[in-house]
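The following block contains the structure, expressed as structure tokens.
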Amino acid sequence: MIQYVVDGLVNGSIIALGAVGLSITYNVLRFANFAQGEILAIGAYMSMALIVLMGVGIGSIGPVSFGWPLLVSIAFSIVLTSVTVLLVDWMLFRVLRRRSASRITFIIAAFGLSLIFRNIITLVAGADQMFLSFYIPKAIPVIGNFKVVPDDVVVLIITAICVVVLHSFLTSTTVGKKMRAVAENPVLAMVNGINVKSVIRWSWVIGASLSAIAGTLHAHVTQLDPEMGFELILPMFAALIVGGVTNVYGAVLGGFLIGLTEAFAVSMDLSAYRGAIAFLIMIVVLILRPQGILGEKERDD
Amino acid sequence: MVSSFSNVNSGREMLKVSNLVAGYRRDLPIVIDVSMEVYEGEILTLLGPNGAGKSTLIKGICGLVEVISGNVVFQGVEISNLETYEIIERRVAYVPQTQNVFAKLSVSHNLDLGAISNVKAYEERLEKVFMLFPDLWKFKDTSAGKLSGGQRQMLALGRALMADPILLLIDEPSAGLAPILRNQVFQQVVEIRESGVTVIMVEQNARAALSVSDRGIILANGRLRRVQNSKELLEDPEIAEIYFGAGPTVRAS
Amino acid sequence: MIDILSFLIFFFIVCSFYIISSLGLNIQYGFTGMFNVGIAGFFAVGAYTSAILTGPNYADTIFGGFGLPIILGWVCAIIVSGIAGLLVGLITLKLREDFLAISTFGIAISLQLVALNVESVTRGPNGLYALPKPFAHIFDSPFVSNVCYLIICIVVITMIYYALERAVRSPWGRVLRSIREDEVAAEALGKNVFMYRLQAFILGCGIMGLAGAMYANFVRFISPQDFLPIFTIQVYVMLIVGGKGNNLGAIVGAIVIWALWSASDSLINFIVTPDFQTQAAALRIIIVGMVLVLMLVFKPSGILPEKKHVSG
């Protein structure tokens, strides 16, 4: 049972980090980014590319089966994923913003983009599964009979660090404060002298960086394949809605809830329905509390 | 009350709008061929019926709507092709009519955001704003969404002043306020001007607004109709009939 | 000669399923501005409904094989898909439009999982086979029965087309368009925006369900593999290329895109060696996605832009 909980938390970490990216685009750019799953996948494949190029495996630190090569590749992936996303924003979403296109147009564009990304991955890396390493999770005893897989613990620690860094970024830095202002009222933010274009770029970079981390960790604990983004997008949306779309910490909470529920479903032998379970929870929340657990009622704008 | 600042032309020209055509869409101009000047230290009121293009004109000045043709020159520099934040950086501030505070954030957080583009002498300015609006000090930890209409308007003005502007654009400061609060707001506008800020405001309460301003501009159907001293406008029988006839102006929407 | 003719007949029959789906989407997206990401899901509901009601009794299912008349299967397909639309609409149409997109996406995925896993009804990945096809038992020649099927398709399309044209020109249609343009203003006119959107959404889903049912009874074999997200994207590309908000555009777009898709299919089979089929298929989907995105950026009104209706 304890293993299911740990699995749920690890899976939840990845969903949570991805959902934070969704939350930022949802609140700053104001649309549901259907390409978010593929941004995670791009992050994972970028790391994979560097690990293949370096050819030294993923290293190890003590009982943890990955070391500096994986961390270096995550850093590399953060940069390249951010650049990719900024480029796509510049080519596509910027043009739509300039034309004051409707929100639906943005969503459709993102949906089309997800398909393009997914198939570019297939085209470049092939449709087959790939693995970052020959990692086989091995639990070690911590206290008495209580065993955990060291890598799982590290994934949780990395996620915790990301959330703390994100929190201090949003509350203590000027860019973070500007971002919250734009999220709440873009016109008022503009007349406060905030460069909304720069805030938008920052939002993409933060979303892409968290996605690169989440995608790589996901690739490490499971595997890579072109469908990985597609499989993650519904749980991420569910996390966003369950936690509350207007609250970035809601996305984190929602991520863990969805991760744990999925693990619970697996323990009940319902793994075939994993995707549908995230969806069911989402629907229940939409019926009972449409603003989500931590969300506030949205002013429609 | 007629303003003490009577000889408006003695002020230096601060803003010059030439043949401005502006609107939300290129094919749908709302402001048409408007030219006007604003002088340093004055209070200028924009009047006109609903849909006349008053709000769009001040939004055009601060880059919130598209300038289709014509130009805006602020202190000798053309600003009509600049982004809003670049215009704000040149010490222009704008107070929207609605949604003019960050409702979820506290009063002091709102004021902080007002100064985000211009952080120098922050403490000093904060003190000035609290002196002008003592209520804001009392409610500094309250979230802005919980303020009353009048307090919210004060916060909106205070927030704009935190950027230390030399030109302040205000969109209908008295809209939706009780009569007693209206006069208070206009009085505060005068105080703001006394502190050295030039003010352009859009108003529906023509009589009250003109009585605190130096000059008035009348727009109709997006075009400029008249530019005159407030005193003359107040005494003009034609204007009186249109704007002051039925006592306080009744708003259509 | 007969080969070309029978190919054309086949082409237009399959194209009809897209045309009908595209017309269904037009009422939702084109006229009312609702983003349904679950077209494949509602299409699948229709297909499975008709397959279960009209299909044979399989040894390994516990439900289905009613062998009902095909027309009944189609009517039920419309109703069941409409009910699916009603449920989704009730929950999400009051919220911001993103929620409808996310929920319909979720519905499509969940339905696929159900089709894949509830083997006692759907036979899972093995699919439902030997479904009845109209006229197939009367005429031995597949050519003749296909001709008959094409006639049915044309009749159905014509009926839907005229019904939708009448609907969108009616006061009801004018309200839909005013909701799309300005929800707040429509609300201010005292229109129950939610009810109008719900009606349009259900109608669109019902039409998509009919398309699915007609597909099932034509190909006579359905499995979860037939209802992938690419189908949803294809229908969007068709509608956007043809011209959203224009029913004729929805039809023209479907024909143009389906022709290009089929042509590229033949081209890939012809020039690409089997080793690179995966890459070629991926490339083709990339191109479809690109067409969608480029249309949104450069020509959002499509080939046949929406006629400017006099607003009343």
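Order of writing sets the chain letters: A, B and C. Residues in each chain are counted from 1.
Quick note on the criterion: a contact is a pair of C-beta atoms (placed from the backbone, for glycine too) under 8 Å apart; a residue touches a chain by one contact, two chains touch by 3 or more.
Because the structure is predicted, anything quoted here is derived from the model rather than measured.
Nearest to the common centre of all protein CA atoms is the CA centroid of chain A.
The chain with its CA mean position farthest from that of chain A is B.
Centre-to-centre separation between chain B and chain C, using Cα means, comes to 53 Å. Separating the centre of chain A from that of chain B, both taken as means of CA atoms, is a distance of 43 Å. We define each chain's centre as the mean of its Cα atoms; on that basis chain A and chain C are separated by 31 Å.
Residue ranges of chain A in contact with chain B, taken from their complex: 100, 174, 177-178, 180-181, 184-185, 187-197, 296, 299. Those residues of chain C that touch chain A in the complex are listed here as 29, 33-35, 37, 91-92, 94-99, 101-103, 105-107, 109-110, 113-114, 116-117, 229-230, 233, 236, 240, 278-279, 282-283, 285-286, 288-290, 292-293, 296-297, 300.
Remark: chain B residues 24, 62, 64, 83-85, 88-89, 93-96, 99-105, 112-114, 116-118, 159-160, 163 touch chain A in the complex. By the touch rule above, chain A contacts chain C in their complex via residues 26, 31-32, 34, 92, 95-96, 101-105, 107-109, 111-113, 115-116, 119-120, 122-123, 126-127, 230, 233-234, 237-238, 241, 272-273, 275-276, 278-280, 282-283, 286-287, 290, 298, 300.
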